[in-house]
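Two complexes follow with chain A in common, the first pairing it with chain B and the second with chain C.
Moving on to the complex of A and B:
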């Protein structure tokens, strides 16, 4: 009976006062507004006689790009865009890893009992957080890196590593001819180690104590490839050492090794230093959010300081750290678009060239936004998965 | 609470909705307005506004730059002033918008500026795909290459493996690629958005060479710490006809721009300068009389006052005066070369003023 009455009472309310109807209406109205704005924008676009299309992407770019994956002027616009995307992803991924490490160390140092360490960390964080990134990038590129010696007088470190205002050239491992004989050994080692780890985990779950020492896993990982190295003829890997070369006209260039151009070095260093300062604060907040009693209890049980940090405090702090950390990662990725100021060919810089040479402003900007959105959402996705796992571990 | 706020918000949203549905209808009228606005020339728009907006360079000595007094100065800038003098009789009624190489074309396409006078090369693609119209060529340039004197380089072939700095969004970038590709020589391009950054990178030795229009290289070289350490190679990698341009399809406005430019060349050809323009009003030469509006209807057909060239010449000068002031010995000192009048063996050939 009571149920029927409530139904009736709801029905009595006229639809213009029914909150459910009103909600739907409000959303419809909002949708209409959005559609109207879009239509208006499109009509403006048409009125100016502009045409929309992506057919230019397959045309020959006829400009040259020197950073990242190989590119020549006869390649297409699409390939040029890809060069930019790869460069941005490269800066973002390496930047995120390095910024996390530097931020973690600085954040911990900020809470250190060592006065000097604590103050250095504080000064670093405050200076970097309170000056604009663009200014830092200009300073780093034009006032620091540009002032390094020219290539002909490059600083040579052991390795050899050449440091000049053209960038840093480091030796690099490359695959030699006989690698095709060697890689089965690597695969075998990885598979074997994997099996051992699975067995070890099972024993831990069953008996509560590992049956196989981790040392076995490592030795298997090392021993099998070494055995392979001895069995096959020649070296599967070779060191590619950089060397200064004077070309026929007198131009000095570097042959071999891997060159980290000054632009790449500048944008990467700039972003890492900047973002790490913010991450350090996130880490500090996270550590301080763990109740003091946790560390005290651990100390009472005889844990060393390092063990407390590694086993007790950091795992709990991570719950607090990860969500704001995601924002910092996204900031780093998006800030990489400032690379255009210092001549690094990231996604944005390449797009600028593309839209200048093709005249397709709207199309190229949609591509830029789409790409950043895709990269950012991917980072968010990965980090959210990690976040979820950490939240479960906490229970 | 929640209910009440919704009751308040809903009428508001409904109102917005009603307005929004009205918008498409409104849109058609604005679109119509726009087409009629297009039919009415930009010239009328400029007259109604009371000043002319010129897109220019702000960092290129000689052509367009902001001088220490905070004023725009240069060869290109003076043509902007000349247009203001022609339309309003006052060379000061002009607003300059400094633009980067990348910004300049969209600024004109979207109507943010009336005319672009920013050392912009006349190319087929820009003329057609980008829908722009050049009015005239004010400066015949060619792409050159600046290197350090100590290298002893003479030709492109000497530059195998070199790193070459240039500004992005320019024809220079494409010509560089073409030049080295056709010769099969490898090189590393280094791209910056601003001319200043490109130049700094070269000066600091990040790059072995810098490429740009020869006039621009000369200007940049003159501003360097040690100009004598650098040479501009005696090679021309491309033709670079530079000149003012307007948005596509507005012939009346484009006509004004081109005839003011040609008028200044004509004035040089006929020996009319800012110093003698008043005396020249009494000249017997029919061309001078037509040029200065003493007879004929040049001003009327362009939609300008009859004496517009008098104002231009008096306030800004003829072509030679503008050239000498910024690019000649008083300026960054580029020999006139192809930018001499046709009768002196150059390429400047103003159309018939009749």
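Moving on to the complex of A and C:
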């Protein structure tokens, strides 16, 4: 112990006890194990005489898809897959919008001062959160939508909206011939409003007060298209109203409007009802996370109720709400794969058909994984940009 | 203590019924409107449900099939084995409940040992030995179905995914870049894709990558998929727990001269895992609900059996009754568990200490 250690003794540490060498060795060993397992798996795959390759994608699919963008059996596998991807994105985007609205309303209802409304919202959330989504989808599809009356006796709501076991038919806005004369007016209105908003922002930054009322922006957005409407001949838009038609042989079909298939209706309604219950809890937690003192302080300073909500509570609540909201959106997208259980042709269901036809298990599986990862990444990218903009800037 | 006693709580307000009604239902004109709209909604929905449940619904589809829902195709002559397994679990739960306050070492260790042993015991009890065995003849996992299968999938899934998730979480926090990157890729990939695609992988792809002489039953394959999927979520929960352990704890352990392994086992993990228990219970509840997805790959769990029951000739088309019953079962289980987890959270005092 009495000896003074020189730095030479450091160098004496043999390399197999040197932490730097050991670290590299440990990583190499780990990597080798992973690679060995992969190679073993691949050799098993090869031993079955299977060859990996994507050349089957350009071949004729020879099955039909009844949902989504036009598709005929002579189209390729690649196009079939695209149909599935578009259907999934459609359900996800519409679902996210509707679930956010319903979730927001339910979340606020849970905090309502009205006891009855609060309890109804709570019961809804508890029932939905404590039962599996797939059971809800089965119930919705087999026990509700399939039990609706036939098309000839469809339930007619104002609109007209026809609800039957074949799906829902809603009126739709379509572009007419004279739209090509009208769209320059729309463009002009948008450009004008954009310029006004830029000027408004500049004055806010310079003077600290908006020079132009927002009302002006809205009125120009409405006035210019209306002016155009009066100037051009004919109607640029027309309402495509659905109507029941009896075909030859007594077959009853619907003409016009847009038909949402019963499968699409079921998966969309199911996902919206399910996700909205979770979003409602996110919204409630977000609003409750803003300390009461904030609202009280604002009231003491003479803010009106609307101003308190808009300027004090919401900006702070949103910071808490957005991150869990992102994961709810991702969940909705992933859950849309349950569509296969009720026969909606989403990305996963189309892949199943492709797989049964071509026998390309690994290839199709990698395509499914890649597509879901790409959709998830896109959603989280968009939401993260929004999140960054509203998060507080640390002093 | 003295200080607390001095601060008196404000007296509780006594409110009469009329006052309560006025305050909670009719405080403003729009509140009154909301109340009437809600009442109308409740009246119509409630009447529809009562008329359906008492008048329209044919509940005999549920009462005649109750055994089918519970154990499905498990042979009726061997049903006592399911009950015996249930008995083992109930006994252990009761013992744990009775001795929960006793910090006496030996009894606790016996209980932990009992829980650990109960898994292989129940496994053997349910599966049996060989077909010729007189006492416990083989019941292949192919015929496990109904609520039994749902419970087996969820319980084995969460238990098996725990060690894997723990390793993945430690790997993701590792200072060695290769290990860290590989673990992160695994966790993020699995979390980015739906469970159904992982189940599909385990059903169709896994057999292709195994040598031909290894044959897994469909239940085993589904369990593999559920475990691999659940492990990624467990890993993220555990990582949260690990992050909640203060840095000082690591430093103190190091300064006492503990090795990395000892530091983890003795100091960090006990604290991290305690913080993680509520999250794991939450994960178990969602896994319990998610096991229904095995229907899509062709297994007969509770929902799969229900689907089969709606196809029975004498009960054809009774979807409403059957799915209502299944939803009710899930609701009861899940609400009980989430209530239990809230109690557990309070008794563990997570976030208080």
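Structural remarks
FYI, the second predicted complex is superposed on the first by the 350 of 395 C-alpha atoms of A that agree within 3 Å, B and C clash if a C-alpha of one lies under 4 Å from a C-alpha of the other, contacts with A are read in each partner's own complex, and residues count from 1 in each chain.
Here is the rule we go by: contacts are C-beta pairs under 8 Å (C-beta built on N, C-alpha and C of every residue); 3 or more make two chains touch, one makes a residue touch a chain.
The structure displayed is predicted, hence computed values, not measured ones.
By the touch criterion defined above, A:356 reaches chain B but does not reach chain C.
When the shared chain is aligned, no partner comes close enough to touch A:156: not chain B, not chain C. Touch criterion not met for A:104: it reaches neither chain B nor chain C. When the two structures are aligned on the shared chain, A:82 is found in touch with neither chain B nor chain C.
When the shared chain is aligned, chain B and chain C each come close enough to touch A:341. Of the two partner chains placed by the overlay, neither chain B nor chain C lies in contact with A:221.
Of the two partner chains, both chain B and chain C are touched by A:142.
By the touch criterion defined above, A:26 lies against chain B and chain C together after alignment on the C-alpha atoms of chain A.
Residues 23, 26, 28, 30, 44, 47-48, 142, 146-147, 340-341, 352, 355, 361 of chain A are contacted both by chain B in one complex and by chain C in the other. Chain contact summary for the complex, chain B toward chain A: residues 2-3, 6-7, 9-10, 13-14, 16-17, 20-21, 23-24, 27-28, 30-31, 34-35, 101-102, 105-106, 109-110, 125-126, 129-131, 151-153, 157-163, 168-170, 173-174, 176-178, 180-181, 188-193, 197, 200-201, 204-206, 208. The touching residues of chain A, counted against chain C in their complex, run 23, 26-28, 30-31, 34, 41-42, 44-45, 47-48, 50, 112-117, 120, 126-127, 129-136, 138-139, 142-143, 146-147, 330, 334-335, 337-338, 340-341, 348, 352, 355, 361-362, 365, 368-369, 372-373, 376-377. Contact residues of chain A toward chain B in the complex are 17, 19, 22-23, 25-26, 28-30, 32-33, 35-37, 39-40, 43-44, 46-49, 62-66, 72-74, 142, 146-147, 150-151, 165-166, 245, 247-251, 253, 262-263, 340-343, 345, 349, 352-353, 355-359, 361. By the touch criterion given at the top, residues 24-25, 27, 31, 34-35, 38-39, 41-42, 175-179, 182, 189, 192-197, 200-201, 204-205, 208-212, 289-290, 292-293, 295-296, 303, 306-307, 310, 319-320, 323-324, 326-327, 330-331, 334-335, 338 of chain C touch chain A in their complex.
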